[in-house]
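Next come two complexes, and both contain subunit A; in the first it sits with subunit B, in the second with subunit C.
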Partner chain A sequence: MMFVVASIAVLVSMALVLARAILGPTLYDRVLAGNSFGTKTVLLLGLMGYVTGRPDFLDIALLYALINFTGTIAILKFFRYRTMAGSMDDMRGQS
Partner chain B sequence: MADYQTTLSPILIIDLTLLALLLVCAVAMVRVRRLFAVVMLSGIYSLLSAAFFVSMDAVDVAFTEAAVGAGISTVLMLSGMLLTAKREKPIKTGRAPIAMFVCLIVGAALVYASIDAPAFGDPNAPANAYLGKMYVENNWADTQVPNIVTSVLASYRGFDTLGETYVVFTAALAVMLLLGIATERGGKKKLDARAMEAQARREYLEMQAEKERVISGGND
Partner chain C sequence: MSWDVISDYIAWGFFIIGALFVIVGALGILRFPDFYTRIHASGLTDTLGAEFILIGMAIQAPSWLIAAKILMMMIFLLLTSPVATHAVAHAAWVGGLNPLTGKDLTYDEVTPTEEEPEGRV
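== the complex of A and B ==
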(Lines of atoms letter the chains of each structure in order from A and count residues from 1; the text may use other names and numbers.)
(Lines give C-alpha, C1' and ligand atoms only; values in the text may rest on other atoms or scores of the structure.)
Protein backbone atom coordinates (compact mmCIF):
# COMPACT_ATOMS: atom_id res chain seq x y z
CA MET A 1 0.00 0.00 0.00
CA MET A 2 2.81 2.35 0.92
CA PHE A 3 4.39 1.85 -2.50
CA VAL A 4 1.08 2.55 -4.25
CA VAL A 5 0.70 5.86 -2.41
CA ALA A 6 4.30 6.77 -3.20
CA SER A 7 3.75 5.92 -6.88
CA ILE A 8 0.68 8.14 -7.00
CA ALA A 9 2.66 10.96 -5.41
CA VAL A 10 5.36 10.53 -8.07
CA LEU A 11 2.70 10.54 -10.79
CA VAL A 12 1.25 13.79 -9.44
CA SER A 13 4.69 15.39 -9.45
CA MET A 14 5.16 14.09 -13.01
CA ALA A 15 1.98 15.96 -13.99
CA LEU A 16 3.31 19.13 -12.35
CA VAL A 17 6.65 18.83 -14.17
CA LEU A 18 4.82 18.23 -17.45
CA ALA A 19 2.84 21.42 -16.86
CA ARG A 20 6.12 23.30 -16.36
CA ALA A 21 7.53 21.83 -19.58
CA ILE A 22 4.44 22.92 -21.52
CA LEU A 23 4.10 26.40 -20.01
CA GLY A 24 7.79 27.29 -19.99
CA PRO A 25 8.35 30.20 -20.19
CA THR A 26 12.15 30.12 -20.51
CA LEU A 27 14.45 27.61 -22.18
CA TYR A 28 16.05 26.61 -18.90
CA ASP A 29 12.68 25.85 -17.34
CA ARG A 30 12.14 23.32 -20.08
CA VAL A 31 15.61 21.76 -19.81
CA LEU A 32 15.07 21.42 -16.08
CA ALA A 33 11.58 20.01 -16.64
CA GLY A 34 12.97 17.37 -19.02
CA ASN A 35 15.72 16.46 -16.59
CA SER A 36 13.47 16.19 -13.56
CA PHE A 37 10.93 14.23 -15.59
CA GLY A 38 13.67 11.68 -16.22
CA THR A 39 14.35 11.54 -12.49
CA LYS A 40 10.65 10.99 -11.81
CA THR A 41 10.63 8.16 -14.36
CA VAL A 42 13.52 6.48 -12.54
CA LEU A 43 11.64 6.78 -9.24
CA LEU A 44 8.42 5.49 -10.76
CA LEU A 45 10.17 2.47 -12.29
CA GLY A 46 11.75 1.64 -8.94
CA LEU A 47 8.41 1.94 -7.15
CA MET A 48 6.56 -0.01 -9.82
CA GLY A 49 8.90 -2.96 -9.26
CA TYR A 50 7.87 -3.06 -5.60
CA VAL A 51 4.16 -2.52 -6.37
CA THR A 52 4.17 -5.65 -8.56
CA GLY A 53 6.35 -7.50 -6.04
CA ARG A 54 9.15 -8.06 -8.55
CA PRO A 55 11.90 -5.52 -7.96
CA ASP A 56 14.13 -7.10 -10.62
CA PHE A 57 14.13 -4.08 -12.87
CA LEU A 58 15.87 -1.73 -10.48
CA ASP A 59 19.07 -1.86 -12.55
CA ILE A 60 17.07 -0.71 -15.57
CA ALA A 61 15.91 2.28 -13.52
CA LEU A 62 19.54 3.04 -12.68
CA LEU A 63 20.44 2.93 -16.38
CA TYR A 64 17.64 5.40 -17.08
CA ALA A 65 19.30 7.73 -14.61
CA LEU A 66 22.52 7.49 -16.63
CA ILE A 67 20.71 8.16 -19.93
CA ASN A 68 18.94 11.12 -18.35
CA PHE A 69 22.20 12.60 -17.11
CA THR A 70 23.94 12.17 -20.46
CA GLY A 71 20.95 13.60 -22.33
CA THR A 72 20.87 16.75 -20.21
CA ILE A 73 24.60 17.25 -20.66
CA ALA A 74 24.17 16.82 -24.44
CA ILE A 75 21.38 19.41 -24.60
CA LEU A 76 23.31 21.92 -22.53
CA LYS A 77 26.48 21.34 -24.56
CA PHE A 78 24.41 21.99 -27.61
CA PHE A 79 23.29 25.36 -26.40
CA ARG A 80 26.81 26.30 -25.46
CA TYR A 81 28.62 25.22 -28.64
CA ARG A 82 25.83 25.10 -31.25
CA THR A 83 27.21 21.97 -32.89
CA MET A 84 27.30 18.30 -32.15
CA ALA A 85 30.77 17.23 -33.27
CA GLY A 86 32.54 20.54 -32.76
CA SER A 87 35.44 20.96 -30.40
CA MET A 88 34.70 22.01 -26.85
CA ASP A 89 36.94 25.02 -27.31
CA ASP A 90 35.48 27.33 -24.74
CA MET A 91 37.55 30.37 -25.63
CA ARG A 92 35.85 30.93 -28.96
CA GLY A 93 35.19 34.64 -29.31
CA GLN A 94 35.57 35.18 -25.61
CA SER A 95 39.09 36.43 -25.07
CA MET B 1 -10.09 -23.03 -22.68
CA ALA B 2 -10.79 -21.16 -19.45
CA ASP B 3 -11.48 -17.46 -19.69
CA TYR B 4 -8.69 -15.22 -18.54
CA GLN B 5 -9.78 -12.14 -16.59
CA THR B 6 -7.63 -9.13 -15.84
CA THR B 7 -8.27 -7.55 -12.45
CA LEU B 8 -8.30 -3.95 -11.33
CA SER B 9 -4.95 -3.52 -9.65
CA PRO B 10 -2.75 -0.63 -8.52
CA ILE B 11 -0.61 -1.13 -11.61
CA LEU B 12 -3.70 -0.49 -13.75
CA ILE B 13 -4.22 2.86 -12.04
CA ILE B 14 -0.57 3.74 -12.74
CA ASP B 15 -1.04 2.66 -16.37
CA LEU B 16 -4.12 4.81 -16.80
CA THR B 17 -2.41 7.85 -15.28
CA LEU B 18 0.62 7.33 -17.52
CA LEU B 19 -1.64 7.11 -20.58
CA ALA B 20 -3.47 10.29 -19.53
CA LEU B 21 -0.14 12.10 -19.19
CA LEU B 22 0.88 10.76 -22.61
CA LEU B 23 -2.29 12.22 -24.11
CA VAL B 24 -1.68 15.62 -22.49
CA CYS B 25 1.92 15.55 -23.72
CA ALA B 26 0.90 14.66 -27.28
CA VAL B 27 -1.74 17.40 -27.47
CA ALA B 28 0.76 19.91 -26.10
CA MET B 29 3.33 18.84 -28.73
CA VAL B 30 0.80 19.61 -31.45
CA ARG B 31 -0.29 22.92 -29.95
CA VAL B 32 3.02 24.47 -28.88
CA ARG B 33 4.70 26.53 -31.61
CA ARG B 34 8.11 26.99 -30.00
CA LEU B 35 10.24 24.18 -31.42
CA PHE B 36 12.58 23.82 -28.45
CA ALA B 37 9.58 23.14 -26.21
CA VAL B 38 8.38 20.52 -28.70
CA VAL B 39 11.79 18.79 -28.59
CA MET B 40 11.77 18.69 -24.79
CA LEU B 41 8.17 17.46 -24.80
CA SER B 42 9.06 14.67 -27.21
CA GLY B 43 11.81 13.59 -24.80
CA ILE B 44 9.25 13.57 -22.00
CA TYR B 45 6.87 11.62 -24.24
CA SER B 46 9.55 8.95 -24.76
CA LEU B 47 10.22 8.69 -21.02
CA LEU B 48 6.48 8.33 -20.34
CA SER B 49 6.07 5.60 -22.93
CA ALA B 50 9.19 3.86 -21.60
CA ALA B 51 7.63 3.81 -18.12
CA PHE B 52 4.45 2.48 -19.68
CA PHE B 53 6.35 -0.29 -21.50
CA VAL B 54 8.04 -1.33 -18.25
CA SER B 55 4.66 -1.65 -16.58
CA MET B 56 3.60 -3.84 -19.54
CA ASP B 57 6.66 -6.06 -18.84
CA ALA B 58 8.37 -5.13 -22.14
CA VAL B 59 11.60 -4.06 -20.48
CA ASP B 60 13.77 -4.40 -23.59
CA VAL B 61 11.44 -2.21 -25.66
CA ALA B 62 11.30 0.31 -22.83
CA PHE B 63 15.05 0.41 -22.67
CA THR B 64 15.37 1.06 -26.40
CA GLU B 65 12.68 3.72 -26.20
CA ALA B 66 14.48 5.56 -23.39
CA ALA B 67 17.90 5.37 -25.04
CA VAL B 68 16.77 6.27 -28.55
CA GLY B 69 13.70 8.40 -27.86
CA ALA B 70 14.81 10.41 -24.88
CA GLY B 71 18.55 10.32 -25.52
CA ILE B 72 19.64 10.29 -29.14
CA SER B 73 16.62 11.69 -30.94
CA THR B 74 16.42 14.69 -28.60
CA VAL B 75 19.95 15.63 -29.63
CA LEU B 76 19.24 14.90 -33.31
CA MET B 77 16.06 17.00 -33.18
CA LEU B 78 17.98 19.85 -31.55
CA SER B 79 20.69 19.76 -34.20
CA GLY B 80 17.97 19.72 -36.85
CA MET B 81 16.30 22.66 -35.17
CA LEU B 82 19.52 24.67 -35.26
CA LEU B 83 19.53 24.37 -39.06
CA THR B 84 15.98 25.72 -39.35
CA ALA B 85 13.79 28.25 -37.58
CA LYS B 86 13.14 28.44 -33.85
CA ARG B 87 9.41 28.59 -34.25
CA GLU B 88 6.94 26.64 -36.29
CA LYS B 89 5.20 28.68 -38.96
CA PRO B 90 1.47 29.10 -38.51
CA ILE B 91 -0.28 26.61 -40.77
CA LYS B 92 -3.42 26.99 -42.82
CA THR B 93 -6.20 24.95 -41.28
CA GLY B 94 -8.09 24.43 -44.54
CA ARG B 95 -7.45 20.70 -44.84
CA ALA B 96 -7.44 19.95 -41.11
CA PRO B 97 -10.95 18.40 -41.01
CA ILE B 98 -10.04 15.84 -43.70
CA ALA B 99 -6.83 14.87 -41.86
CA MET B 100 -8.77 14.63 -38.59
CA PHE B 101 -11.33 12.41 -40.30
CA VAL B 102 -8.63 10.06 -41.68
CA CYS B 103 -6.92 9.88 -38.27
CA LEU B 104 -10.21 9.06 -36.54
CA ILE B 105 -11.01 6.31 -39.08
CA VAL B 106 -7.55 4.73 -38.71
CA GLY B 107 -7.73 4.98 -34.91
CA ALA B 108 -11.18 3.40 -34.85
CA ALA B 109 -9.95 0.57 -37.11
CA LEU B 110 -6.99 -0.08 -34.77
CA VAL B 111 -9.24 -0.13 -31.71
CA TYR B 112 -11.61 -2.49 -33.54
CA ALA B 113 -8.69 -4.78 -34.41
CA SER B 114 -7.46 -4.77 -30.80
CA ILE B 115 -10.80 -6.19 -29.59
CA ASP B 116 -9.91 -9.52 -31.22
CA ALA B 117 -6.41 -9.64 -29.71
CA PRO B 118 -5.92 -11.88 -26.66
CA ALA B 119 -6.04 -10.16 -23.25
CA PHE B 120 -2.79 -8.88 -21.78
CA GLY B 121 -0.89 -11.75 -20.14
CA ASP B 122 -3.44 -14.36 -21.27
CA PRO B 123 -1.79 -17.80 -20.81
CA ASN B 124 -3.99 -19.20 -23.60
CA ALA B 125 -2.79 -16.67 -26.19
CA PRO B 126 -0.90 -18.34 -29.09
CA ALA B 127 2.35 -16.56 -28.22
CA ASN B 128 2.24 -17.82 -24.62
CA ALA B 129 0.56 -21.19 -25.25
CA TYR B 130 3.02 -22.87 -27.59
CA LEU B 131 5.36 -20.45 -29.40
CA GLY B 132 7.41 -19.39 -26.36
CA LYS B 133 7.46 -22.97 -25.13
CA MET B 134 8.70 -24.11 -28.53
CA TYR B 135 11.59 -21.64 -28.42
CA VAL B 136 12.56 -22.78 -24.93
CA GLU B 137 12.37 -26.49 -25.77
CA ASN B 138 13.93 -26.57 -29.24
CA ASN B 139 16.42 -23.73 -28.95
CA TRP B 140 19.49 -25.80 -28.17
CA ALA B 141 18.77 -28.49 -30.77
CA ASP B 142 18.02 -25.87 -33.45
CA THR B 143 20.69 -23.25 -32.96
CA GLN B 144 23.20 -24.21 -30.22
CA VAL B 145 23.03 -20.62 -28.94
CA PRO B 146 22.90 -20.59 -25.14
CA ASN B 147 20.96 -17.31 -24.86
CA ILE B 148 17.36 -17.81 -26.06
CA VAL B 149 16.71 -14.12 -26.68
CA THR B 150 19.77 -13.93 -28.92
CA SER B 151 18.80 -17.05 -30.81
CA VAL B 152 15.24 -15.75 -31.38
CA LEU B 153 16.54 -12.41 -32.66
CA ALA B 154 19.47 -13.62 -34.72
CA SER B 155 18.34 -17.07 -35.86
CA TYR B 156 14.58 -17.63 -35.71
CA ARG B 157 13.92 -14.04 -36.81
CA GLY B 158 17.19 -13.61 -38.68
CA PHE B 159 15.77 -12.05 -41.84
CA ASP B 160 13.61 -9.72 -39.79
CA THR B 161 16.68 -8.50 -37.90
CA LEU B 162 18.63 -8.13 -41.15
CA GLY B 163 15.84 -5.94 -42.55
CA GLU B 164 15.83 -3.86 -39.38
CA THR B 165 19.56 -3.39 -39.69
CA TYR B 166 19.13 -2.10 -43.26
CA VAL B 167 16.47 0.35 -42.08
CA VAL B 168 18.57 1.64 -39.20
CA PHE B 169 21.66 1.92 -41.40
CA THR B 170 19.77 3.88 -44.08
CA ALA B 171 18.23 6.15 -41.48
CA ALA B 172 21.59 6.82 -39.82
CA LEU B 173 23.17 7.59 -43.19
CA ALA B 174 20.36 9.98 -44.13
CA VAL B 175 20.55 11.77 -40.79
CA MET B 176 24.32 12.15 -41.07
CA LEU B 177 23.97 13.58 -44.59
CA LEU B 178 21.19 15.96 -43.54
CA LEU B 179 22.85 17.28 -40.40
CA GLY B 180 26.42 17.15 -41.65
CA ILE B 181 27.59 15.56 -38.42
CA ALA B 182 30.94 14.56 -39.86
CA THR B 183 31.72 18.02 -41.23
CA GLU B 184 33.67 20.51 -39.23
CA ARG B 185 31.08 23.26 -39.23
CA GLY B 186 27.97 21.18 -38.71
CA GLY B 187 26.70 21.39 -42.29
CA LYS B 188 27.21 25.13 -42.62
CA LYS B 189 29.26 26.77 -45.33
CA LYS B 190 32.93 26.84 -44.52
CA LEU B 191 34.52 30.27 -44.72
CA ASP B 192 38.15 31.32 -44.57
CA ALA B 193 39.78 31.57 -41.16
CA ARG B 194 39.36 35.27 -40.47
CA ALA B 195 35.74 35.34 -41.60
CA MET B 196 35.11 32.23 -39.54
CA GLU B 197 36.50 33.87 -36.47
CA ALA B 198 34.38 36.96 -37.08
CA GLN B 199 31.32 34.82 -37.51
CA ALA B 200 32.10 32.86 -34.37
CA ARG B 201 32.38 36.13 -32.46
CA ARG B 202 29.10 37.34 -33.95
CA GLU B 203 27.37 34.08 -33.08
CA TYR B 204 28.70 34.19 -29.57
CA LEU B 205 27.43 37.73 -29.04
CA GLU B 206 24.06 36.74 -30.49
CA MET B 207 23.94 33.79 -28.15
CA GLN B 208 24.76 35.96 -25.15
CA ALA B 209 22.07 38.42 -26.14
CA GLU B 210 19.60 35.62 -26.53
CA LYS B 211 20.55 34.12 -23.22
CA GLU B 212 19.97 37.43 -21.47
CA ARG B 213 16.68 37.82 -23.25
CA VAL B 214 15.68 34.31 -22.20
CA ILE B 215 16.74 34.80 -18.60
CA SER B 216 14.81 38.04 -18.36
CA GLY B 217 11.92 35.81 -19.34
CA GLY B 218 8.46 36.02 -20.85
CA ASN B 219 9.26 35.43 -24.53
CA ASP B 220 6.73 32.73 -25.16
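== the complex of A and C ==
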Protein backbone atom coordinates (compact mmCIF):
# COMPACT_ATOMS: atom_id res chain seq x y z
CA MET A 1 0.00 0.00 0.00
CA MET A 2 2.81 2.41 0.93
CA PHE A 3 4.47 1.66 -2.39
CA VAL A 4 1.35 2.86 -4.21
CA VAL A 5 1.38 6.12 -2.24
CA ALA A 6 5.07 6.68 -2.99
CA SER A 7 4.62 5.88 -6.68
CA ILE A 8 1.69 8.32 -6.92
CA ALA A 9 3.96 11.01 -5.43
CA VAL A 10 6.70 10.13 -7.92
CA LEU A 11 4.16 10.26 -10.79
CA VAL A 12 2.96 13.71 -9.69
CA SER A 13 6.53 15.00 -9.57
CA MET A 14 7.19 13.46 -12.98
CA ALA A 15 4.27 15.47 -14.37
CA LEU A 16 5.70 18.65 -12.86
CA VAL A 17 9.15 17.98 -14.29
CA LEU A 18 7.57 17.16 -17.67
CA ALA A 19 5.86 20.56 -17.58
CA ARG A 20 9.25 22.17 -17.04
CA ALA A 21 10.71 20.09 -19.88
CA ILE A 22 8.01 21.41 -22.23
CA LEU A 23 8.04 25.00 -20.96
CA GLY A 24 11.76 25.26 -20.43
CA PRO A 25 12.96 28.25 -22.46
CA THR A 26 16.55 27.15 -22.85
CA LEU A 27 17.99 23.84 -23.98
CA TYR A 28 19.66 23.30 -20.63
CA ASP A 29 16.32 23.48 -18.80
CA ARG A 30 15.14 20.60 -20.92
CA VAL A 31 18.29 18.57 -20.35
CA LEU A 32 17.99 19.18 -16.62
CA ALA A 33 14.31 18.19 -16.65
CA GLY A 34 15.16 15.08 -18.66
CA ASN A 35 17.83 14.09 -16.19
CA SER A 36 15.49 14.62 -13.25
CA PHE A 37 12.74 12.71 -15.06
CA GLY A 38 15.13 9.79 -15.55
CA THR A 39 15.98 9.65 -11.86
CA LYS A 40 12.28 9.57 -11.05
CA THR A 41 11.84 6.75 -13.55
CA VAL A 42 14.42 4.79 -11.58
CA LEU A 43 12.37 5.31 -8.43
CA LEU A 44 9.14 4.40 -10.17
CA LEU A 45 10.67 1.19 -11.55
CA GLY A 46 11.82 0.18 -8.11
CA LEU A 47 8.41 0.92 -6.60
CA MET A 48 6.63 -0.97 -9.38
CA GLY A 49 8.91 -3.88 -8.65
CA TYR A 50 7.61 -3.91 -5.10
CA VAL A 51 3.97 -3.30 -6.08
CA THR A 52 3.90 -6.15 -8.57
CA GLY A 53 6.04 -8.35 -6.36
CA ARG A 54 8.73 -8.92 -8.99
CA PRO A 55 12.26 -8.33 -7.68
CA ASP A 56 13.85 -8.24 -11.14
CA PHE A 57 12.48 -4.72 -11.65
CA LEU A 58 15.24 -3.51 -9.36
CA ASP A 59 17.87 -4.68 -11.85
CA ILE A 60 16.09 -2.70 -14.55
CA ALA A 61 15.99 0.33 -12.25
CA LEU A 62 19.70 0.06 -11.54
CA LEU A 63 20.42 -0.26 -15.26
CA TYR A 64 18.22 2.72 -16.04
CA ALA A 65 20.10 4.81 -13.50
CA LEU A 66 23.31 4.03 -15.41
CA ILE A 67 21.79 4.77 -18.81
CA ASN A 68 20.13 7.97 -17.69
CA PHE A 69 23.41 9.41 -16.47
CA THR A 70 25.20 8.41 -19.67
CA GLY A 71 22.40 9.86 -21.79
CA THR A 72 22.55 13.22 -20.08
CA ILE A 73 26.30 13.47 -20.54
CA ALA A 74 25.97 12.40 -24.20
CA ILE A 75 23.35 15.08 -24.91
CA LEU A 76 25.54 17.71 -23.32
CA LYS A 77 28.55 16.61 -25.32
CA PHE A 78 26.58 16.74 -28.53
CA PHE A 79 25.35 20.27 -27.92
CA ARG A 80 28.76 21.32 -26.68
CA TYR A 81 30.87 20.13 -29.63
CA ARG A 82 28.14 19.86 -32.29
CA THR A 83 29.35 16.29 -32.99
CA MET A 84 29.54 13.01 -31.12
CA ALA A 85 32.13 11.43 -33.38
CA GLY A 86 35.18 13.53 -32.55
CA SER A 87 37.59 12.44 -29.82
CA MET A 88 38.74 14.88 -27.15
CA ASP A 89 42.10 15.82 -28.65
CA ASP A 90 40.73 17.06 -31.95
CA MET A 91 38.11 18.99 -29.97
CA ARG A 92 40.88 21.12 -28.55
CA GLY A 93 40.67 23.50 -31.50
CA GLN A 94 37.04 24.40 -30.79
CA SER A 95 36.45 26.64 -27.79
CA MET B 1 5.63 -5.49 18.00
CA SER B 2 7.46 -7.84 15.66
CA TRP B 3 9.99 -6.62 13.19
CA ASP B 4 7.42 -6.66 10.35
CA VAL B 5 5.17 -4.14 12.08
CA ILE B 6 8.08 -1.92 13.06
CA SER B 7 9.59 -2.05 9.59
CA ASP B 8 6.22 -1.07 8.13
CA TYR B 9 6.05 2.05 10.26
CA ILE B 10 9.67 2.99 9.58
CA ALA B 11 9.19 2.44 5.85
CA TRP B 12 6.00 4.54 5.91
CA GLY B 13 7.96 7.39 7.51
CA PHE B 14 10.78 7.18 4.97
CA PHE B 15 8.34 7.01 2.06
CA ILE B 16 6.39 10.04 3.22
CA ILE B 17 9.55 12.09 3.75
CA GLY B 18 10.97 10.92 0.42
CA ALA B 19 7.76 11.65 -1.45
CA LEU B 20 7.65 15.09 0.15
CA PHE B 21 11.18 15.88 -0.99
CA VAL B 22 10.55 14.56 -4.50
CA ILE B 23 7.42 16.68 -4.95
CA VAL B 24 9.00 19.77 -3.41
CA GLY B 25 12.02 19.36 -5.68
CA ALA B 26 9.88 18.92 -8.76
CA LEU B 27 7.83 21.98 -7.77
CA GLY B 28 11.09 23.88 -7.38
CA ILE B 29 12.21 22.82 -10.86
CA LEU B 30 8.94 24.10 -12.25
CA ARG B 31 8.62 27.40 -10.42
CA PHE B 32 12.11 28.80 -9.94
CA PRO B 33 12.70 31.91 -12.05
CA ASP B 34 16.09 31.09 -13.55
CA PHE B 35 17.97 28.08 -14.89
CA TYR B 36 20.71 28.25 -12.26
CA THR B 37 18.16 28.25 -9.45
CA ARG B 38 16.42 25.25 -10.95
CA ILE B 39 19.62 23.25 -10.74
CA HIS B 40 19.47 23.61 -6.97
CA ALA B 41 15.94 22.16 -6.93
CA SER B 42 16.88 19.25 -9.19
CA GLY B 43 19.84 18.46 -6.97
CA LEU B 44 17.48 18.26 -4.04
CA THR B 45 15.19 15.67 -5.60
CA ASP B 46 17.91 13.52 -7.14
CA THR B 47 19.85 13.02 -3.97
CA LEU B 48 17.60 13.47 -0.94
CA GLY B 49 14.19 12.42 -2.23
CA ALA B 50 15.54 9.38 -4.06
CA GLU B 51 17.65 8.32 -1.06
CA PHE B 52 14.75 8.38 1.38
CA ILE B 53 12.48 6.38 -0.93
CA LEU B 54 15.26 3.87 -1.60
CA ILE B 55 15.94 3.52 2.13
CA GLY B 56 12.24 2.83 2.64
CA MET B 57 12.40 0.16 -0.06
CA ALA B 58 15.55 -1.33 1.44
CA ILE B 59 13.80 -1.70 4.79
CA GLN B 60 10.96 -3.55 3.12
CA ALA B 61 13.34 -5.77 1.14
CA PRO B 62 12.39 -9.47 1.59
CA SER B 63 15.95 -10.76 1.16
CA TRP B 64 19.53 -9.54 1.57
CA LEU B 65 20.15 -9.71 -2.17
CA ILE B 66 17.44 -7.15 -2.91
CA ALA B 67 18.65 -4.92 -0.09
CA ALA B 68 22.18 -5.11 -1.57
CA LYS B 69 20.84 -4.12 -5.01
CA ILE B 70 19.05 -1.14 -3.51
CA LEU B 71 22.23 -0.19 -1.67
CA MET B 72 24.11 -0.30 -4.99
CA MET B 73 21.44 1.86 -6.55
CA MET B 74 21.68 4.38 -3.69
CA ILE B 75 25.47 4.58 -3.93
CA PHE B 76 25.32 5.02 -7.70
CA LEU B 77 22.65 7.72 -7.54
CA LEU B 78 24.61 9.52 -4.83
CA LEU B 79 27.71 9.52 -7.01
CA THR B 80 26.25 10.39 -10.41
CA SER B 81 23.49 12.89 -9.65
CA PRO B 82 25.85 15.68 -8.56
CA VAL B 83 28.15 14.95 -11.49
CA ALA B 84 25.28 15.14 -13.97
CA THR B 85 23.93 18.33 -12.42
CA HIS B 86 27.41 19.87 -12.52
CA ALA B 87 27.83 18.83 -16.15
CA VAL B 88 24.56 20.56 -17.07
CA ALA B 89 25.57 23.69 -15.17
CA HIS B 90 29.01 23.78 -16.77
CA ALA B 91 27.59 23.24 -20.24
CA ALA B 92 25.08 26.04 -19.63
CA TRP B 93 27.78 28.40 -18.35
CA VAL B 94 30.12 27.64 -21.24
CA GLY B 95 27.16 27.79 -23.60
CA GLY B 96 26.76 31.44 -22.61
CA LEU B 97 23.64 31.26 -20.45
CA ASN B 98 23.97 34.09 -17.92
CA PRO B 99 22.29 33.84 -14.53
CA LEU B 100 19.39 36.17 -13.76
CA THR B 101 20.83 38.60 -11.22
CA GLY B 102 19.69 41.83 -9.64
CA LYS B 103 16.16 43.10 -9.64
CA ASP B 104 14.57 40.60 -11.99
CA LEU B 105 14.42 37.99 -9.26
CA THR B 106 12.04 39.99 -7.08
CA TYR B 107 8.58 39.36 -8.44
CA ASP B 108 6.59 41.58 -6.10
CA GLU B 109 7.48 45.24 -6.65
CA VAL B 110 7.78 46.60 -3.09
CA THR B 111 5.91 49.89 -2.84
CA PRO B 112 8.46 52.63 -1.99
CA THR B 113 8.36 53.68 1.68
CA GLU B 114 10.12 56.48 3.57
CA GLU B 115 13.25 54.59 4.36
CA GLU B 116 13.32 52.83 0.93
CA PRO B 117 12.30 55.58 -1.51
CA GLU B 118 13.06 53.55 -4.63
CA GLY B 119 11.57 50.29 -3.20
CA ARG B 120 13.62 47.20 -2.34
CA VAL B 121 16.40 46.66 -4.86
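Going forward, the second predicted complex is superposed on the first by the 88 of 95 C-alpha atoms of A that agree within 3 Å, B and C clash if a C-alpha of one lies under 4 Å from a C-alpha of the other, contacts with A are read in each partner's own complex, and residues count from 1 in each chain.
To be clear about the criterion, a residue touches a chain if its C-beta (ideal position, glycine included) is under 8 Å from a C-beta of that chain, and two chains touch if they have at least 3 such contacts.
Only a predicted model underlies this, so the values are computations on that prediction, with no experimental measurement involved.
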- Is A:Thr41 in contact with subunit B, with subunit C, with both, or with neither (first, second, both, neither)? first
- Have a look at where A:Thr26 lands relative to subunit B and subunit C in the superposition and call it first, second, both or neither. both
- Message: Just checking: does A:Val51 make contact with subunit B only, subunit C only, both, or neither of them? Give me first, second, both or neither.
- Response: first
- Message: Looking at A:Ser13 after the superposition, I want to know if it touches subunit B, subunit C, both of them or none. Which is it: first, second, both, neither?
- Response: second
- Message: Need the overlap of the two footprints on subunit A, from subunit B and from subunit C, as residue ranges.
- Response: 14, 26-28, 31, 33, 79
- Query: For subunit C, which residues are in contact with subunit A within the complex?
  - Reply: 8, 11-12, 15-16, 18-20, 22-23, 25-27, 29-30, 35, 38-39, 42, 45-46, 49-50, 53-54, 56-57, 60, 62-63, 65-66, 69-70, 72-73, 76-77, 80-81, 83-85, 87-88, 91-92, 94-95, 97
- Task: Would you pull the subunit A residues touching subunit B in the complex into a rising list?
- Result: 4, 7-8, 11, 14-15, 18, 21-22, 24-28, 30-31, 33-34, 37-38, 41, 44-45, 48, 51-52, 57, 60, 63-64, 67-68, 70-71, 74-75, 78-79, 82-86, 92-94
- Query: Which of the residues in subunit B come into contact with subunit A in the complex?
  - Reply: 10-11, 13-14, 17-18, 21, 24-25, 28, 32, 34, 36-37, 40-41, 43-44, 47-48, 50-51, 54-55, 59, 62-63, 66-67, 70-71, 74-75, 78-79, 82, 179, 181-186, 197, 200-201, 203-205, 207, 214-215, 217-220
- Query: Which part of subunit A faces subunit C closely enough to touch in the complex?
  - Reply: 2-3, 5-6, 9-10, 12-14, 16-17, 19-20, 23, 26-29, 31-33, 35-36, 39-40, 42-43, 46-47, 50, 55, 58-59, 61-62, 65-66, 69, 72-73, 76, 79-80
